[in-house]
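Once you scroll down, you'll see the structures, which are given as structure tokens.
Each of the two complexes below includes subunit A, the first together with subunit B, the second together with subunit C.
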Partner chain A sequence: MRQGRHLSALRTLWIVAILAFLYIPIVSVVLASLANTRYMRFPHRVWTLEAYGDALSSFTTWQLHSISLSIALSVVVLSTILGTLGAVAFARYDWRGRTWFQRFMVLPIFFPQPVLGLALLLTFTAIGIQPSWKTAALAHLVWILPIVTLVISVRFFGYDVAQEEAAYDLGATHVQVVREVTLPQIWPGIFSGILFGFLLSWSNLPLSVFTSGPDTPLPVWLFSRTATNYSPLVPSVAVIGTVVSALIVVGAGLLLWAGRRLR
Partner chain B sequence: MTAEAARATDRPVILSLAGLSKTFGDTSAVKQVSLDIPEGEFLTIVGPSGSGKSTLVRLLAGLETPTSGTLKLRGKDITALPANRRPTALVFQSLALFDHRTVGQNIEFAMKMKGVPADKRKARAHELLALVRLSDSYYERPVTHCSGGERQRVALARAFASDPEILFFDEPLSAIDYRLRKTLEVELKELHQRTGRTFVYITHSLEEAMIMSDRIAILKDGDLIQIGTPAEIYRQPRDRFVASFMGEVNILRVEDGTFPDIGRPAPADAAGAYAIVRPEDLLPGSRDVTAEYAVTQRLMLGSRTQLHLASPSGASFVSEIAGAAEVFQVGTSHAFGFDTDRIAWVDR
Partner chain C sequence: MSRTGSPGPWFAAPVAIFMLLCFAGPILIVTWFSLMPSRTFELTAAFTLENYVAAISDGYARPMMWSLLGAAITTIVTALLAWPSAIILHRYAGRWATLVSALIALPIFISESVRLFGMSVFMMPRGGILAGSLNAAFGIEIGSILNTWNAALVGMIYIHLPFMLFPLLLGVSLIPADRIEAARDLGANRWQVMREVELPLAAPGLMIGALLTFVLCLGANAEAAILGGRAVTVITAAIEQRFNYAQDWPMGAALTVGVIAITAAIVLPVLSRLDLNRLTKR
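After this line comes the complex of A and B, so read on.
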């Protein structure tokens, strides 16, 4: 079984390499946040949590998070509702123009985001709308809604439609059919849609840069401060932002799990 | 008419179809079907693929609205009544079990929709499990952990749980292997007898229909072309289509008072343009119509042997005889014949 041992050693090495590749950048951000100088020199002469203290006591940090959160939550709510309805139209009902709808709907995903962002900014100003976090949310929606719709559509193709007819035949009303069959079946898709929507919006830079106006979402602030005015405050805010989004995702997962257990 | 058929027609009509039609765009899937189904009947609808069987049964279940025609349940017009308010249940070809639920939840679904309390539902579900011969331990099992035959029974129990007056079956056994299908056919027939409900069963296998049904209706291109007891359809098919649908048969054309395929005179009292002769009626030896045939194939069917024959003019025939029939080796020629009173005459 020498060969088996070699193979399993190789596999372990492979997994470690992949994980290192994924996590070294993140670890280096954390390391950078523990310095007290603007210049990266490793190892640090002074290890300090000073930057975190600054970040947490600064009003900007809170504002960045609340703007990003407002955008992401609006995007999640709207894209989940519209995406579910769109998925029904996409996957289920046979109507004239469905093929065209299917093609046009995914088109925004193919536009380079900066082009899309610029185009949306021009449109907003042309029709006289002041850019703010709300326009940024709308811009995110243009790009994220197609993705969420596709993610939910996949579930519609994943189960036997006759189940809905069977429920109806067994005496369920249309509302009961949706509650008892359709929703439980597409629920995993909706959940992934919510996750995708949140994470894609939370981390979006190219659309926000153009469309958020005076409101600054987290990634835009990180980008501009890295480019022009770097200090350990930048990586520390980045780490805080990552922790916040991770907590939100884990929290949603726990809620879901608790909901399942209760039922 | 047999005694059984006579008894069937004495019973009150439960479902009555009058000129029921359904068109999709420019295809007419079901054309002007009229039919009375007596209470407690096991009616089988047979037809080749695309003949409109599923469409017809979906019309009856209320999952499809007819383009024209009316449907009456015990004399009451239910044409416009939606599926969820009809006292009928359909067992789907795919079974359509709720695969995110357990066996028990599947069976209880109809009762839950009616608002039956949980303890009553559970008791009834256990009764139904027993009815379809599944042990109580299946109650908690997810349906995805059941075998094909078990899923079949769960679907049946789920349909019975809605306490339907009529059960429809859309080829529910088509995806199941031969031996299990035979077992389930027998169980279904038994269940029909035990429950006394009306069953409308769809299949494309006439063999299946023969075994189970009180009456068989034959559908072709959306038309109901013949309906009768299995014996009637077997003895007197309406045309060559029905005859060949019943299994392998010999069809002899009549031309100017002769059978050109075997070069023998046709009987003077020929009652149609084609003579249908069943394989078990074309036998070795001299009979009313006898000719020489060459054996081209010899197939053992357990206790019987099927012989594929060719007449001197090259037409193919089938004969089925008892025993191993060692003398009828491939390549040998023998006299085979049939009696004229065994012929079924058809015009088309």
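After this line comes the complex of A and C, so read on.
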């Protein structure tokens, strides 16, 4: 059994190494944010939260967040409505042409995002639409809507159509069936769709970078400041932006939980 | 179930129309632009193939090669890292499996720019997280690979590992444990079990993961910009340069069409083989 123990230790080590690889850069951002010097000189001589104070009192931080939030909320609303309808066609009904619809729907997921962003930028400029956060939201939607549709579809595949028929037999109207039978059943899928849509839009760089024009969402600002104009403000804004998205997700989860308890 | 009177098409219509307008539409317009004479901003001129000819003679094959090479290397390395991880998580991790899977998925939802920035402060020479810590703790001076093509590759592998791991975990979970037992009982060794049983059964997951990673890397440019210090020009950077600085839309469009064509040639055959109903219905 000696060899078995070695193997097991090796397996644990492998997984720990993979996790370390994934998380070292994230931890590095936090470590970098705890300095007050113009240049990165690790280990810091002074460990301080000053940069966070500067970030919070800076107008830019708030503006970046409000632009990212506008984009993400528009994406969530539109992708949830369209995605739910799409999922019904994707998974609930069997119809002629469904296979084609399914393939067409997943295509944008397997498409290089920066290339999609550039193609959209060219199209917007060619037809005379000024790029802004709205065009960025549209660009996000092309990529996020298929994902949200898939997420909700997974829920529909496990859905028993007989329940709807039973409700109709008992005299329920169309609206009642949707509200009392269908929606409660697929609601977990819709909720995951909302979370996916929000987080993927909030964190997106490759589409925003080409399509947001003069409005700068958080990831685009971080990208440009990393390349050219570093200061401790950059890592602190990165941490704040990530924490804000986590808080919004946790908040949504709590709201859902509270809503369930009240009912 | 009756297929003709189904309301399916009505539910599909809004999404399908949106996708036609905002996905198929731009691809069409870019293709159209690529057939216009150089440096025009209108779609009214007669079609010409000069941009495609110029793209090859002007040396744009090189950025395309860098992107293809980067995508190929990243796909292979992430697959090699993800395969043992998926097997370990599926077979041995037990109650830890869910937690570890969640931890692997989490970074997908943290912005690429945050994570690449983190990678760059980690790699930075002298005062970087790694170099600074080693120097302070052991007095060791190390160099840095930051601003090289290798750093960009590490960044691509880092960003795309979760995209490979997740489909692979799904694929590996499709392998029935008794099938492996049976192969072992019949005298198969570890290598034979992997080649004859595990790989074929996990193939759909591996295919999706490889496809996703390859295609995403083909367009990736943030890694080369932040970590690679633009040591090499990847194709997306070349296209952006044509669009923005050179103001040559038709040429940029021709390069874009090139990337789209390569993507389609890789994605469409694989996608037409996958049964989406079987994969999502679990």
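As a working rule, the second predicted complex is superposed on the first by the 238 of 263 C-alpha atoms of A that agree within 3 Å, B and C clash if a C-alpha of one lies under 4 Å from a C-alpha of the other, contacts with A are read in each partner's own complex, and residues count from 1 in each chain.
Basically, a contact is a pair of C-beta atoms (placed from the backbone, for glycine too) under 8 Å apart; a residue touches a chain by one contact, two chains touch by 3 or more.
All of these numbers come straight from a predicted model, not from anything done at the bench.
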Should subunit B and subunit C be called a clash or a fit once both complexes are overlaid on subunit A?
fit
Touching A:Gln185 in the superposition: subunit B (first), subunit C (second), both, neither?
first
For A:Ala172, decide between first (touching subunit B), second (touching subunit C), both and neither.
first
Considering only C-alpha centres, what angle arises at subunit A between the directions to subunit B and subunit C, nearest 10 degrees?
90
Touching A:Ser153, do we find subunit B (first), subunit C (second), both, or neither?
second
Which superposed partner A:Ala162 touches (first subunit B, second subunit C, both, neither)
first
When the two structures are overlaid on chain A, which partner does A:Glu50 contact: first (subunit B), second (subunit C), both, or neither?
neither
I'd like to know which partner A:Val106 touches here: subunit B for first, subunit C for second, both or neither.
second
By residue count, which of the two partners contacts subunit A more extensively, subunit B or subunit C?
C
Using only CA atoms and the superposition described at the top, report the least gap between subunit B and subunit C in Å.
6
Of all residues in subunit B, which touch subunit A in the complex?
61-63, 82-85, 88-90, 92-94, 96-100, 109-110, 113-114, 158-159, 161-162
Subunit B partner, complex, touching residues on subunit A are 159-160, 162-163, 165-173, 176, 180-181, 184-185
In the complex with subunit C, residue positions of subunit A that touch it:
8, 11, 14-15, 18-19, 21-29, 31-32, 39-43, 82-83, 85-86, 88-98, 101-116, 118-123, 126, 138-139, 141-142, 145-146, 149-150, 153-154, 157-158, 199-200, 202-206, 209-210, 218-220, 222-223, 226-227, 234-235, 238, 241-242, 245
Touching subunit A in the complex: which residues of subunit C?
1, 3-4, 6-12, 14-16, 18-19, 22-23, 25-27, 29-30, 33, 41, 43, 81, 84-85, 88-89, 92-93, 100, 103-104, 107, 109-122, 124, 126-129, 131-133, 136, 158, 161-162, 211-212, 215-216, 218-222, 225-226, 236, 239-240, 243, 249, 252-253, 256, 259-260, 263, 267, 271-272, 276-277, 280-282
